[in-house]
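Quick heads-up: structures coming right below.
Below, chain A partners chain B and then partners chain C, in two separate complexes.
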Partner chain A sequence: MPEALLEIRDLHVSFALERSTVYAVQGLSLQVDAGERVGVVGESGSGKSVSALSVMQMVPSPGKITAGDIVFGGENIRTLSTSELRHIRGGQIGMIPQNPLTSLNPVLTVEAHLQEVLRLHLGLTRREGRERTIELLRSVGIPDPATRMHEYPHRLSGGQRQRVMIALAMACAPKLLIADEPTTALDVTIQAQILDLFDELVESSNLGAILITHNLGIVAGHCDRVVVMYAGRVMETASVPDLFARPAHPYTLGLLRCVPRLTARRSRVFHAIPGAPPQVTQLAEGCPFAPRCERATDQCRTQTPPLEEFRTNHAIACWHPVTEPAEVAS
Partner chain B sequence: MTDAPLLEVDGLVMHYDVRGAGTFVRSRETVHAVDGISFTLDARQTLGLVGESGCGKSTTGRSVLLLERPTEGRIRFDGQELTELGRRELTGLRRRMQIVFQDPIGSLNPRHTVGQLIREPLHVHHLVPKDRQRERVEELLELVGLPTDAVSRFPHEFSGGQCQRIGIARSLAAEPTFLVLDEPVSALDVSIQAQILQLLTDLQDRLGLSYLFIAHDLAVVGQMSDRVAVMYLGKIVELADRDALYARPHHPYTQALFSAVPVPDPTVSSARRTEVIGGEVPSSLAPPAGCRFHTRCPLAQERCRIEEPQLRPAGDGHAVACHFAEEAVRTNPFGSILPADLEDNAPHFGH
Partner chain C sequence: MTVLQERIATPRSSSSFWHAAWYRYKRNRLALVSGVIAVLILVVAALASVIAPFGYATQNLNESLTGPSLHHLLGTDQLGRDLLSRAIFGARTSMAIAIGAPLVGAIIGIPIGILSGWFGGVIDFIALRAFEVFTMVPQVLMALLLIALYGGGVLKLLLFLGITSWVGFGRLARAQYLTLRDRDFVLAAKAMGVPTWRIIIVHVLPSAVGPMIVFFVQQVPATIFAAAGFSFLGLGVQDPLADWGKMINDGEQYLSINLTVALTPIICIALATLAFSFAGDGLRDALDPTSR
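Here is the complex of A and B:
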């Protein structure tokens, strides 16, 4: 079996605040192969964005990675020096952020952004950089790139800005692409355009990709494998077809039932999960979903279920998995 | 009088003058936020208003309540022409028309307790004598599913979903018959969204409310609305009964919207062959002549560039503003497998 492009093993991240500590990620393990799109899905506060930032060693202070390994291309990223990390960030790993406007420098033109990356990582001259900039902008679908590259970020639409961010992420031909809610700030028709571009790039460059999202529809259409997170833990991980056809964790099933469907007839009854996702400030035994779970028993409240293989390539952390197919399809 | 719609909007126009570009010469430009839209809403019904950012849906919601005076157009609420009313009369009528905002936390004053927030409309409209106010506030909290001890707490102590419940309680304090719901769930996580949608549905049944439900999420709008209006660049491009619209969208833009929605089912998303719509929404400073969608429409002809299509009846209770709606229905330019066709083979979770 060939080595995975990226392997995260038992990652723990916490934020020590003045009066409390937030345990944002507790034991995330995840693997990404070349050409594979892995979706990380969860609600706010589930730890999905912090996990993405951890891969680049960019967890904002006071956040700290307290345990775990992040192995990329055979090297443990956690042991690298700052200068070694700099080669990886924006070089071998590209990142697409949620809000392109705050990620672009308002006083620099589009060209200046790309030139900087190309000069620092690839040592291109201004002239070479300009040619490459035009090429890159064209490849992400910016019309008339030779003119548009002189624009400042505020002159571009949200979709165009996100295309520029993708060009930046792709500038150094990375092996891994991390997209953190790349379309949350965009309208649905522009979202469809950006996701198409994402698929195209992953396929044409055989990239490994992590796509972080709260939208199960995006996972269904644009990922191969999926990790469902809740309160900093992995609840379920499976291939995309398997997860949607046979969700085994009550949380996943609950989420799938909550999503309003375009295809469903109108009914005046909505499936909701009672309560709200917690912010984990205490390390206690027990399943974090137990307070909201209708299947919860005393065992769930006192013992943390481990993430274990439930079916082939389908693991869950649950003492009482959903096994009856009728319950899913009814 | 019982047959007349509760709300009638006729030819609503909302333009904003803005300072244009140009460093030395100050030019004036006009944002065409809403450009002549008409619709009606019957009592106890929900009209969904859907469209992408900048289409004018929120502006419509605010103008209907006269939170901003429309540039042109008539708004009749329960038989009264709002644009002709004086300030005092308007305040009286406003009690019956309320709004719930998108940002549940930002729309609540952080320095006021929940009790103060909900009590304010009671004061303003002199609804309940002082000695009964506490009781009324507790009643309202129970109505929206919050514990009564919330009275003395502050908004920051509550989650987003709970804050939205507070916002709803505050709107209901004035005992309205009509609510504008401006993206009430788009800031919430899906598991919480469903809770709030259920609450709004139950309140409508219990209190006989009418809703103008504004949202960008077609699936949410489809679950909440009896009729749906689709907006694009300040115009209504299609208006139809919910079932008719979702079974067979007639306007190419509506079709494009449907085909762009990610479906949470991998068998469906791999089976449906959709054409992603190209281009972006043009600026509302200078909307295109003719049909405003012609710059992105695969069916556009010379006529679309010149002649503006009016909203016209097109069968099955659809009203559509497109010269070639019949062709759009036949050819489905965005290749969307229509939702109705999916219904049989898509697995359903729950219902």
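Here is the complex of A and C:
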């Protein structure tokens, strides 16, 4: 097996607060190959964003990576120096942030943003940088880039700003692209355009990509593999077709049921998983989903299920996996 | 109604923040007039030796304490020096101190504030304690002590008032950077691999500089006052140099003979203080429309 582009092994991240400690990520393992799009799904607070920031070594204080390895391109990111990290950030790994409206500096023009990254990582001169800027903006679908690049961010629409962010992330031809809920702040029609652009770039540049989202619909359309997270743990990981055809974890099943469908004839009610995801402030034994799970038994409450291969390329962490496929269709 | 209009009216072709700010400033009559007067005072101060009809030390004892006349538009003081000329040269010293001192304060305070707000932790702790210690000792008292130790004079007064005024700039810069460092665009810049010093200067400073400029302009009238106070007490500017504060001191003894000797510098100080105050307020409203 060829070496993966990015491999996260048993990652633990925790936030030491004044009175308690939040265990945001507990034992995340993840692999991304070149040309592969991995979706990370989960509710708010499930540790998705923190995992993404860990890859860049940018977990906000007081968060700390307490254990685990992050191997990118054969190097363990956790052991790199600040200047080596700077080289990776923006140069080798591009990040598309959640909110394009606030992620562009209001006092810098579009060109200034791009020029800076190009100069820092590729050492381009002003003139070279300008040409490349126009090229990049064109490739992400900004009309009339030679004029538009002189604009300040507030003159662009939300979708255009996200396109600029994508151009920024792609500017130095990274090997890995991390998109942290890239469409949450955008209109639905724009979402589709942005995600299509994302697909196009991944395919044309043979990138590895991590797409963080809470929208299973996006995963279905734009990912190859998916990792379902809950309370900082991986609940289920499988190829996208497999996950949608035969979800095995009750939590995944619950999530799938929550997706409203136009085709379902009579269901006037939205399905919802009762309860709310926990804030993990103590390391308790047992499945974190047990309090909300209809299949939970005493074993679930006392023993933490390990993440094990359930079918080929399909692992789950559950004592009582769902086997009957009939339940999904409802 | 005017407030409403100002809110709705937005500049048509502004491509930058400063255009919008200028547009808002222009709409504020009081600030505009004050700004013009403030600039005028600065111009007069800069061109003092060209404009003034006499030298600031030119004496004519035969014509001492005369009232306003065609020859001496504002009259003369006890040594027969032309008051208009002295007021004009006084503007030069007063303005040099009023602008120089906050500049010194800004140069000391802003970097300290930036580092403390950005990095936090130990640096912030030390900076905060320094703020507290310096706030505890009144600025005037501190400057007084320094003058007592090292003597007065324009340059020293400027330096001492500057050294004692850094706390305000430090606090302001700290607050600015504290709120700005967690902005999304800072995180995004970090994710792009931009070095920290570049984020601090290129990415964050332009957003923080507005309030700093406002604070600077607001410091000017306070410094005019403080400097005039010191000169009035005889601790600042020394004879024969002209300074508004010292001119009041001179004129105070001759109030019953010639009122203009004291009145001229008083009006000058009042005018300059008000002009810079209103200009500063206008600038604040223009640069940060949400502060109203």
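Heads up, the rule we're going with is that the second predicted complex is superposed on the first by the 325 of 330 C-alpha atoms of A that agree within 3 Å, B and C clash if a C-alpha of one lies under 4 Å from a C-alpha of the other, contacts with A are read in each partner's own complex, and residues count from 1 in each chain.
We adopt the following convention: a residue touches a chain if its C-beta (ideal position, glycine included) is under 8 Å from a C-beta of that chain, and two chains touch if they have at least 3 such contacts.
For clarity, every value in this text was computed on a predicted model and none was experimentally measured.
Participant: Let me test your reading of the model: by the given contact rule, A:Pro274 touches which partner, first (chain B), second (chain C), both or neither?
Facilitator: In the superposed model, A:Pro274 contacts chain B only, not chain C.
Participant: Looking at A:Gly159, would you say it contacts chain B, chain C, both, or neither? Reply first, second, both or neither.
Facilitator: After superposition on chain A, A:Gly159 lies in contact with chain B alone.
Participant: Check whether A:Leu108 is in contact with chain B, with chain C, with both or with neither, and answer first, second, both or neither.
Facilitator: A:Leu108: touches chain C, not chain B.
Participant: Under the stated touch criterion, which partner chain does A:Leu253 make contact with: chain B (first), chain C (second), both, or neither?
Facilitator: first
Participant: Mind working out whether A:Ile218 is in touch with chain B, chain C, both or neither, as first, second, both or neither?
Facilitator: Only chain B is touched by A:Ile218; chain C is not.
Participant: Name the contact category of A:His121: first (chain B only), second (chain C only), both, or neither.
Facilitator: second
Participant: Compare chain B and chain C by how many residues of chain A each one touches, and report the one with more.
Facilitator: Counting contacted residues of chain A, the larger count belongs to B.
Participant: So, does A:Ile88 touch the first partner chain B, the second partner chain C, both, or neither?
Facilitator: Second partner only, chain C.
Participant: Tell me the contact category for A:Thr21 with respect to chain B and chain C: first, second, both or neither.
Facilitator: neither
Participant: I'd like to check the shared interface: which positions of chain A are touched by both chain B and chain C across the two complexes?
Facilitator: Correct list for chain A: none, the interfaces share no residue.
Participant: Would you mind writing out the residues of chain A in touch with chain C in their complex?
Facilitator: My answer: residues 56, 58, 85-91, 95, 97-99, 102-108, 116-117, 120-121, 150-152, 155, 165, 168.
Participant: Sort out for me which residues of chain A touch chain B in the complex.
Facilitator: 43-44, 157, 159-160, 187-193, 195-196, 214-222, 240-241, 244-245, 253-274, 276-277, 328-330
Participant: Note which residues of chain B are touching chain A in the complex, please.
Facilitator: Listed in rising order, the residues are 52-53, 159, 161-162, 189-195, 197-198, 201, 205, 216-220, 222-223, 225, 242-243, 246, 256-270, 274, 276-278, 280-281, 339, 342-343, 346-351.
Participant: Of all residues in chain C, which touch chain A in the complex?
Facilitator: Within the complex, chain C contacts chain A at residues 15-17, 183-185, 187-195, 198, 202-203, 206-207.
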